[in-house]
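One structure is given below, encoded as structure tokens.
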């Protein structure tokens, strides 16, 4: 899939975290790019490294993490070379908008919504250092209220002077979305923003996100574990398994004709209306002791001996990328030799 | 908020009543015979008996307490065995001296203790953290009189920057009493010269007094900041582009000061209680030395009055502490 | 205030500190002002307080019929012109000086003297103790505008020596401020009703922290003999002994402790701004033994402990020579000091013999014994610990127990509650043997802190009664000498030392005159030093 | 278990703290053998009075000529013993009351907190003297007097934290699961409150040693010639500033002990507090 100047370019990203029990290789050579104006979903079970990927892009990995990568660039800016101060000044909140997973924990309990949102605005709109309690006068407050109206927060003027605990989960997520879009970022990074919400609120939030990205021609990296959400929202999807990107392609193509065995099983295990549930036997391998070769091999129904030997080379073609011996011809060579 | 204040003030009465009962009982258990103490030296046992009757010490404890409560109700806290003066007059100006010293001491404690605690948290387990923690422990571990005398030797004898003691220089007259706090009164009456003199006299004793509180405030500020920095909203704020400076000094700080505020209440009570050493070395006419004399000389009315006054102040400070908790944490504010 | 944040507040604080240091100047007192650095009594009523600081008030603000002057402290007529005493020594008639003015301008008359004595006896506090059982209020009568007559119950030689204890107050002024018949105590505790050389400035008075005395121009003796006297005496007490020494060295105060901490004496002596006045104040250090409680009822056990105390060690090392050995209940430097009593030395061999003898007579020498020392009196702890280590050498175990002055003096009310042993000083309130040997070993004084050894010896009682009654000083000296010999052989207590007074005084002040009663508290003679600091 | 120990030892300040505390305990146990002048606990040598530090007396001598180094070593046992007993007792009383008050809102909490206020407001000296009068002037009365004045600090601390945690979600969940209240308090709430308790406890050691010195001045607990640290520092007051060593060395011993406990306390706190581990 040729990409003309992608908003996000991640190639060969590996992240390992020095824990007490040893070194955990959480991400292993992940490649991902997001074309302008598109929504790319990253799907995987919990423990597949999705959140670590988000944190790596935002540069908020814990100190004990070690990052190796060819490049991680957003809107042309190479993030790896930047230190924390530069990331804060140039990237975070400006080029990159971030929507966290748990709205209950993400908002600072002791500050009014207006104050927290103003902090985001002031960074870049060149405003004078107005008072943090959010009752600043002039243009910024009007802009905040207008943004809240956009994310359908009832009577936004009052909302600015209220505290986080006075809002429901859904409303808090809308506030976080408003904060993320405040400075019209080049890329919005959303880390399972609807997982903590009930189904109906989840649906409204997804509808809102879709409308806003289309309306403001935003590009978004949407992390989730639910293919249903991908189907509703995403243009492209990347399937992550145990720190490796195993399949990438247009959402519709991958959903209708999944190629990688793991992708197939992920799609099939969507709970059917008739209540039958298809789970995936076994569990994601621990990053501490990742097996050689294809990490999915122990759980893969179509596994072949070759899969255990070396890691499958990714095959890129018109309909995207897949990293499995079924497609990259490794099996044929094996049988010829 | 008003409901909270009314409730707490009403709750003040049982606390004070309990305080009086406990102190009254404790005194009677403590050694020393008040009648003999009042009689003074080499008086005959008959004279001591006469005094015992006159002051009613021979009556059963409960009646004595009832009589005492009757007096308190009329606002008469009785007279001191030694000065013959109404105890409330003696306490009045001493209380102002102690409050001024304690407030200034706590101010220094906060200004020095909290920032060092925050810095210690930011350099978690690195050299600055270790240094801040050890230095702050000096205040708790080293005898306050030793520190006080060393301060006198350095700043007053050798450098001669600050006076040795007292509230004002011998030649300076006290400002007209409005609040009894010399610093405040001198400013209110525009007497800049008295203000500077009073400031010079309070700096050393206040610093000596604050040393004890610095250790506690540093440790709790550090613990509070460490805990807060782990919170998810801090991670989110970093990701959302908040500047590190803003996060630490505003957004994390307000959430981390809960522990410090609780300690302020406790520290204030402790400072009044054992300011006696600092007061004696810096000749500060406060409540500390007065209450110790009262205890050692079984001056009952003075002891009861001091406990009552300190009890009231302590309760008011606790109310203030709870209000400050409300300021810091809106959810607590709602429950007030 | 929000934006200031922590660093802002710190900036203000530092700025104020720098501002402060810029303006510093040593607070040297003005030329004609004297700064008194010692603690003030909490109650300024001369008829009530009993602790030493009261002399600063009674000698400067009030006058008495007689007053002690000079080192030999011979008693001088003060408000009295002449006296006549009846042959039986019981009726004393005094004629007052005329024209003595109180600070409020009223002239002093016999009424003021009568009122003052009636008030002292009625209040019954420490000044009254010297007249107990001798003088009753109704026997003090006015026989003329300026003449007063005292009729004693029995002939009492120390009567004259006790007169300086009673300050004469302005009767009219005090009676005008009596509240629920408290003899004006509440008012007088904070006000001045005297006629002395200096008067109160009540407007600046703050208990135990600020008291100003201004020179009384119409003082009855006039100021001819000290024209350059200080116009203003400012009392600014420094409460802590160590800080008081620093204040003296720095020049903040002019007069410091009567008893400088021994280790500081040499430092003050060599300092630039101050010096040490060394005198013999008739103050004795004594370890009491409760003779009523076994094993202290056994003479040999008392002697054993008397031999077990390291007297020279105390005088040479602890007091560094600022004390002389005391061998009997009468202090050195008094006309009645006995020459021939050698007392007990530090002799562990004899001590062991005496203890063995006591044990053989069935005295419970190994029961736990407490030695109480008084926390407020520096030096008493070391004495108790010295005795403890000496006693351990001879197999007697003592427990050193800290105590407070008010608690221990209250406990001496009964033999049972009086501690086994305790250490204290006896200072000169009246310069008469009665103040020491009389009131300490006369069994009629039992129940007071001075007589807390519960000593009872009929022979000694008769000797003391005779000595009290006779007016002939030679006869009294012999009688007191014999009584002292008897008491020493009974080893009633352990007499340790006569303390030397080591008073820190600024070089800026001269002319101070010392007397055993009150040291140099009388400031009438003081004036700035002539070579002009 | 080895993982925990390995991780603890990686925390240098905590290890330093552990070493200091262990050495203090060893000194306390073997004081008599290592002290150069073991008899100096009570023997006085007037000739050697107030000598500065020298080879024969590395810490100098006190006002009765006794070797200060020996007295510091001999005093370790009693000083530490009293301090630890008091902090321990105060924690047991204070924490349990704090937990109960924080958990059961309503009149019980109000009662406990008001009693705490009373104990905090009563001048500590009166409380101590009165208790000493009941038990007599020995060590038991010193410990009970100090405990009586120190337990409220823990109660107020734990009360504030427990009340905050009570509304946390996981507590409601536990209640629904039918977990018994004592188990909730001790197993679930306490670890989350441990952080400030340990801070207050470790600071308390120094505070208690100093308070014991003040009380011994008026005849409660250790009386002369006991070599307790607080007592010798208090006695040194008279001889400052010339005999600086009299106050400095016992003071240093107290400083080291309190530093040791504080560093050890912080190490333990980081160990217990799960989230802090991530920041390693």
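Order of writing sets the labels: A, B, C and D. Residues in every chain begin at 1.
Quick note on the criterion: contacts are C-beta pairs under 8 Å (C-beta built on N, C-alpha and C of every residue); 3 or more make two chains touch, one makes a residue touch a chain.
Keep in mind the model is a prediction, meaning the values are calculated, not measured.
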Inset, instruction - Go through A-B and A-D and name the pair with more C-beta contacts between its chains. - result: A-B
Legend entry - Per-chain Cα centre nearest the global Cα centre, belonging to chain: B
Inset, instruction - With chain centres taken as the means of their Cα atoms, state the distance from chain A to chain B in Å. - result: 54
Legend entry - Centre-to-centre distance between chain D and chain A (centres being mean Cα positions), rounded to whole Å: 51
Inset, instruction - Could you grab the centroid distance between chain B and chain D? Build each centroid from C-alpha atoms only and quote it in angstrom. - result: 22
Legend entry - Whole-Å gap between the CA centroids of chain A and chain C: 88
Legend entry - chain B: positions in contact with at least two other chains: 31, 145, 149, 153, 250, 296, 331
Inset, instruction - Note the residues in chain A that touch 2 or more other chains, in rising order. - result: 132
Legend entry - Residues within chain C bordering two or more other chains: 242, 404
Inset, instruction - Under the touch definition given earlier, write down the residues of chain A that touch chain D in their complex. - result: 20-21, 62-64
Legend entry - Sites on chain D touched by chain A in the complex: 3, 7, 277-280
Legend entry - For the chain D and chain B complex, residues of the former touching the latter: 11-13, 110, 114-115, 117-118, 120-127, 129-130, 133-134, 153, 156-157, 160, 164, 167, 195-196, 199, 203, 206-207, 209-211, 213-214, 218, 230, 233-234, 236-237, 240-241, 247-248, 251, 254-255, 257-259, 262-263, 266, 269-270, 273, 275-276, 278-279
Legend entry - Parts of chain B lying in touch with chain C, wherever the complex brings them together: 31-33, 36-37, 39-45, 47-48, 79-80, 82-86, 90, 93, 107-108, 111, 114-115, 118, 145, 149, 152-153, 156-157, 160-167, 169-171, 173-174, 196, 199-200, 203, 249-250, 253, 279-283, 285, 289, 293, 296-298
Legend entry - Interface residues, chain C side, partner chain B - complex: 5-7, 9-10, 13, 16-17, 19-21, 23-24, 26-27, 29-30, 33, 35, 42-43, 45, 48, 50, 124-126, 129, 132, 182, 185-186, 189-190, 204, 206-210, 234, 236-240, 242-243, 246-247, 249-250, 252, 376, 404, 406-407, 409-410, 413-414, 439, 445, 447-451
